[in-house]
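Chain nomenclature is as follows: A, B, C, D, E and F, assigned in order of appearance, with residue numbering initiated at 1 for each chain independently.
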Amino acid sequence: MAKERVLRFGLPKGSLQEATVEKMGKAGFNVSISSRSYIPYVDDSELEIRMIRAQEISRYVEHGYLDCGITGHDWIQENGSKVHEVGEFQFSKATRQPARWVLAVPEDSPIKTVKDLQGKRIATEVVNLTKKYLRQHKVKAEVEFSWGATEVKAHELVDAIVEITETGSSLRANNLRIVDTLLYSTPRLISNHESWADQWKRKKIETMAMLLKGALDAEAKVGLKMNIAKKNLDSLLQTLPALRNPTISNLSLEGWVAVETIIDEHVVRELIPALKAAGAEGIIEYPLNKVVY
Amino acid sequence: MAKERVLRFGLPKGSLQEATVEKMGKAGFNVSISSRSYIPYVDDSELEIRMIRAQEISRYVEHGYLDCGITGHDWIQENGSKVHEVGEFQFSKATRQPARWVLAVPEDSPIKTVKDLQGKRIATEVVNLTKKYLRQHKVKAEVEFSWGATEVKAHELVDAIVEITETGSSLRANNLRIVDTLLYSTPRLISNHESWADQWKRKKIETMAMLLKGALDAEAKVGLKMNIAKKNLDSLLQTLPALRNPTISNLSLEGWVAVETIIDEHVVRELIPALKAAGAEGIIEYPLNKVVY
Amino acid sequence: MAKERVLRFGLPKGSLQEATVEKMGKAGFNVSISSRSYIPYVDDSELEIRMIRAQEISRYVEHGYLDCGITGHDWIQENGSKVHEVGEFQFSKATRQPARWVLAVPEDSPIKTVKDLQGKRIATEVVNLTKKYLRQHKVKAEVEFSWGATEVKAHELVDAIVEITETGSSLRANNLRIVDTLLYSTPRLISNHESWADQWKRKKIETMAMLLKGALDAEAKVGLKMNIAKKNLDSLLQTLPALRNPTISNLSLEGWVAVETIIDEHVVRELIPALKAAGAEGIIEYPLNKVVY
Amino acid sequence: MAKERVLRFGLPKGSLQEATVEKMGKAGFNVSISSRSYIPYVDDSELEIRMIRAQEISRYVEHGYLDCGITGHDWIQENGSKVHEVGEFQFSKATRQPARWVLAVPEDSPIKTVKDLQGKRIATEVVNLTKKYLRQHKVKAEVEFSWGATEVKAHELVDAIVEITETGSSLRANNLRIVDTLLYSTPRLISNHESWADQWKRKKIETMAMLLKGALDAEAKVGLKMNIAKKNLDSLLQTLPALRNPTISNLSLEGWVAVETIIDEHVVRELIPALKAAGAEGIIEYPLNKVVY
Amino acid sequence: MAKERVLRFGLPKGSLQEATVEKMGKAGFNVSISSRSYIPYVDDSELEIRMIRAQEISRYVEHGYLDCGITGHDWIQENGSKVHEVGEFQFSKATRQPARWVLAVPEDSPIKTVKDLQGKRIATEVVNLTKKYLRQHKVKAEVEFSWGATEVKAHELVDAIVEITETGSSLRANNLRIVDTLLYSTPRLISNHESWADQWKRKKIETMAMLLKGALDAEAKVGLKMNIAKKNLDSLLQTLPALRNPTISNLSLEGWVAVETIIDEHVVRELIPALKAAGAEGIIEYPLNKVVY
Amino acid sequence: MAKERVLRFGLPKGSLQEATVEKMGKAGFNVSISSRSYIPYVDDSELEIRMIRAQEISRYVEHGYLDCGITGHDWIQENGSKVHEVGEFQFSKATRQPARWVLAVPEDSPIKTVKDLQGKRIATEVVNLTKKYLRQHKVKAEVEFSWGATEVKAHELVDAIVEITETGSSLRANNLRIVDTLLYSTPRLISNHESWADQWKRKKIETMAMLLKGALDAEAKVGLKMNIAKKNLDSLLQTLPALRNPTISNLSLEGWVAVETIIDEHVVRELIPALKAAGAEGIIEYPLNKVVY
């Protein structure tokens, strides 16, 4: 009897943990984490899950202790890990803005550009990224590792910080001004090159990538369905390119069709008024679990 | 370059806050409230959100500090605010009963009608509504403002209370008897008259009203889909007027159609047994995000 | 005027309470539990809800204090209650494994089979089930009631335990080994024989069973929709028997059809790659509230 | 080298756990409970702590799995455990009323005395105690084990309950009336007879009993110190027998003494006004960690 | 047999509740508040406790529904209650600064003095106090009741606020500037005039006042004990007037005395270095439960 | 007018924060931390508090941004900070064991001594300490920075870890074996050399060190008081050297003395039985706030 094969998969422990486990569930892989065991349960005997800090996942994937994992583009870069990038996800639905690492200073600081950092001191969690950025700008400055609460330090302890933000509101609340953006970061599915070369593992990774992507895409999308008189259909479709490739089915009521499509949720608020204006009736929006084109 | 216009929108802070932010999200406007800043983030640069106690929103809308806001009919009346009412919502899905302010007394109180309040003392959060109610009934009684825990006071500190309730269960748990209802209250979207007269603002408010209403209506509604033999269709539709205006599409299987409609969730529990009896098969109910007729 | 009839319904208090109330809501019966009253509110005047420990529900149904209730097969057996079983549900979506009561011992215990228990001591919450199991295997051993934390006792205080588990991970974390399975258990809707003989009550119970089952089945199922060229349809359906009885509707685009079906969620992760391979496009998966065949 | 001897000590897991660990700390034995291990740490290498439900401790002490433990008099009686009782403690400082198991019925129940229970049904956690009580009163009634929420059952599911209470306020809040008291219960330190016969273990147990008693007595006592003119001292001591055996020391101020004593905290509120009336000055009350006479 | 007399005592419900119940316990009256009953338990059968919002206590004391109660000087003034003030307490040990109601404006506001409020709008919870203050300064301004989150309003919704503060740090965090102080407030024990005229009640109230004051004073004080050579004693006492009226007792060691005194905790940090310099040895500081001079 | 001088003081943010603020309060400096401001309030206008991660404090003290701070010996060493060490504290009362950084491996690892680490990989938060330790033992191994959950890594991701522990129970719960101890660590009060050279700052720091030490020492000590007949006194004192330098005062009762002393709390459990055996009566133990010899 052939021994069952297994894929070792790293998920980020900590602040992203709950969200990631939820996404895995939406993709069809139910993970339960027990406080008594460091190995989570997953309802797929071909998977073994490990919860590891996002900062370290790329390192352990690169070393081969994990076949693959989900982590941020930022930490892959910071660690300089040589891994295969299988796919990119967009986790944060709330802000629809990618996370980014920015150079920030107090609002009243004389520092206006990266050039003004010459000879200064900068605190950050991403020491390598920051040093690389300074080298690119030919600026010499001291970069020190910050264990946390970095935003507070900018006012007294250092001259500038490099910190992560989405909407910038936490920086504003700390009276900090953004000087420059070093890096945009989104979650990535990565594997090591050896696992990727193994046919069974690669197929398993690709399936998971497809399902995760289907589940994550579905978070930012909705189904839209409406009825319209056939005579208005063309003008509706011309006016509204957002309704790409809709499913149009005949209704039993003569002269009417049902139009159904999948669209980005964030355009709904502009689309619905326009649809009504174009003659659509009985518009409904419904949620999706997965979208796979 | 034209400066971007902005609508200042008041949402209720406090016990309704979480539910309201969730509703806003369903309507397509993602709001995030930070403990560090009193200005919430919203992913629409044409909106500025302010979190204000429900009791005060109508006052600040009237004064023009807010263009519009969501608050209860009760507090608009209590404040006597002169505002434009754009729409009415029904928030509580759990009980399907509107909130109402009632006159309540201990179960063994001799007070049977409002007339028995003559010369008595009443505690309430809605002093103006209560005084108006007493005037209408030509009863003279002392009305005092209650800072909270009003139900407890009815047994010792005052003769009667005017308190808000949905199902009456909290009153019953306190051994209180409802004597009369002063006011039914539902959430309203209100704007001040000046903002309503401004064309840009009015259009923005109307769009938000449509989307909020679409999202809130969708909470109390579901999609229903089933297959039925064509020969049974007429009797199905006649028997079941609740299935108003269904979408009927032909199936590839000869002689069968798919029937799809949107109905109030709370009739489903009576409808499904009847549908099965009428020959429907493969009945599924699915959730909705928005319903716009 | 005829007095309204009422069905008294027992739901499990405690660890299953929140999940059960949520299921009731999905079935169309909104229950709210107040800390101030032992009688929960439900938005159906024909129902009266009582929250009772799962261990005791079958006893009170048998005695006639409740018309019906939801409890586990295990406790019906443990109590030896003579009740009518109306239906079986499958609550746990996460693990897709039924709960089961197992005989467990420390990993390094010499006990390998039930026979080795002769003369030993066993701690369990299900004393009657355990005694019956021992009788069946003609083993004499002492069985003592455990008030909780049973897993810890196996190492020092007793020789073996009979404990409930789904995935076995809690047992493993306690370094325990499963020797045998005594009983698989799923939630059941039960009624007493007298209530079941009453026509009005039976009809009400059957309706609730249908709706609860529809809601619970829906948790483990999803809707799947895709477009496919007609020429590929037959091969798609042949290859994929999981797509049983799909709804196929013509699209206005010549030569294409929409295929829609309801399937078990846990096969989606294998099905979607296969569907794509068979030529399906625009695959979407959407959630369901109820499924009634 | 002689192997170090160890005493295995059972402490009640659950609602009393935190209080018991705190008392142990006051007695001089610091216990820390980790969620990762079932064996708590204690800073005394001669002790091994086990956390076990109060209901079961006497059973495991009797069987010899524990040398000794702290549990309630009620559960020793309920289990009929043959153990040596080393000492009695009084844990609840708040109410200064011993816990007691009472027979309770709804306020409007016709049951007035135990005799009225003939042929009725009673729910309780202490089945054996209740059966013994009924036998003593020559009453035949059905006694069933209650898994919890016993108070709620008295109104519908059974005719009476036997439940634990201190102040009776929870029973009153449930509109229950106390018919009789079956048993008063306080925490006890118990050991099995064999451990008690072992000289080393007995000495260790006696020391722990002395220190625990010293710590617990100290919770209900305070130190009181005051200055008084010598001429008033005799009348002070005669008037106030509560000041038993005070320490009286001379002050350097001629004609004055300092009086210091240990008294029950709950008499302080009556004593201080009397002390002032008798001429005491500069009265201070200070807390105690231990009191050993 | 004479019926036992009872004193009805109001304690502040809400944010001060926990602290007040703790103080009552330190004074010797153990209060337990149950979520099931609005009448707390107290271990003194001559007392009945009622938990009432601090804002309302003086009103119900004045009306005679309560004999006495603890509330703030601010709310007695705001309500204009005619009550007897029995005693003043100082609750906040942390800041050692009395609470005060201040007039505050945004840091960059043109308002510099109360005179600049002419024609402006002010939000506050203490409408009457604010109106009185404006009258005293002959300023006409609109005062509106604020239901909470007053600090946030100062930036947009009104021109100024009147808000309570201790250290001012919350105002500073909101970028507000204090213009003036309207009222300092400390907790008071008040009774109504009728209860105060009743001899039994007055005695009971006075005893409680003495014990509460003894307990509260003790929070801000500590006991200090040290040894010193007799020859250094005089210079020690002359140098350190803070050591008022110490208890000096002879030690058995020739030429040495023990000095013991009660002092304000906040001077300890200056006193201990000075004591050491003056020759004191073995200085210990110990906590106090009550101090009654 | 002279400007008031200020000492900038760093306290550890994070897991030690609450304990440290409590210690500061016991020393006489009340610190309150607001979620709205990064500068805590302290009731001493000569102090400015900054909350900084323990890992970073020594760095900012060395750089002069802080005058002084409290941090662990481990992080001073890890950072290689050149600072003046003013005093050492012992924070953990529970275990009475200093924290220590240990080299740990899985229980079944072949690694028995540091020498076996040659060519292996080690994860730790203290990279510099670990590298130095390896150099001292002339072992070459890879050391990687661990962002947390280090204990879990030892089983799969690396060959060994260097982790902090007090009782070792967390390591045992993770089935890890301690190979060696690298460093014992206790909290230290440090200042930079410049601040220490400033007379005003040095005096302030020394006073704080004295008060903090007095408060911390008091946590591990208690006061003990007893009465004894004079004739037994000498033998008591000879037998019990732990009673060093007691205060002995005459009682008014002829032939008796009161003996009072300060001792380590953890010897009380052995001392009290001995004291009773030696004839002591009325033994009381009382808590201390500060002890300054």
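Here is the rule we use: a contact is a pair of C-beta atoms (placed from the backbone, for glycine too) under 8 Å apart; a residue touches a chain by one contact, two chains touch by 3 or more.
As the structure is a prediction and not an experimental result, all values here were calculated from the model.
Chemist: Once chain A is fitted to chain D on CA atoms, what angle does the rotation have, in steps of 5 degrees?
Modeler: Copies differ by a rotation of 180 degrees.
Chemist: Quick one: point me to the chain whose Cα centre is farthest from that of chain A.
Modeler: Result for the farthest chain: D.
Chemist: Could you quickly compare C-D and A-C and let me know which has more C-beta contacts?
Modeler: Here the pair linked by more C-beta pairs in contact is A-C.
Chemist: Measuring centre to centre with C-alpha atoms, which chain is farthest from chain F?
Modeler: B
Chemist: Can you check how far apart chain E and chain F are, centre to centre, with Cα atoms defining each centre and the answer in Å?
Modeler: 35
Chemist: Any idea how many Å lie between the Cα centroids of chain B and chain F?
Modeler: Taking the average C-alpha coordinate of chain B and of chain F, the gap between them is 57 Å.
Chemist: Would you pick out the residues of chain C that each touch at least 2 other chains?
Modeler: If we look for residues of chain C contacting two or more partner chains, we find 36, 174, 249-250, 286-287.
Chemist: Given the complex with chain A, which residues does chain F contribute to the contact?
Modeler: Going by the criterion above, the answer is residues 13-14, 38, 50-53, 55-56, 59-60, 65, 144, 146-149, 152, 155-157, 174.
Chemist: Flag every residue of chain F that touches chain E in the complex, lowest number first.
Modeler: Residues in contact with chain E: 27-30, 32, 34, 36-37, 41, 43-44, 207, 210-211, 214, 218, 223, 245, 247-250, 257, 262, 286-293.
Chemist: Inside the complex, what are the residues of chain C that reach chain A?
Modeler: Against chain A, the touching part of chain C is residues 93-96, 167, 169-170, 172-174, 222, 227, 249-253, 258, 265-266, 268-269, 272-273, 276, 281-287.
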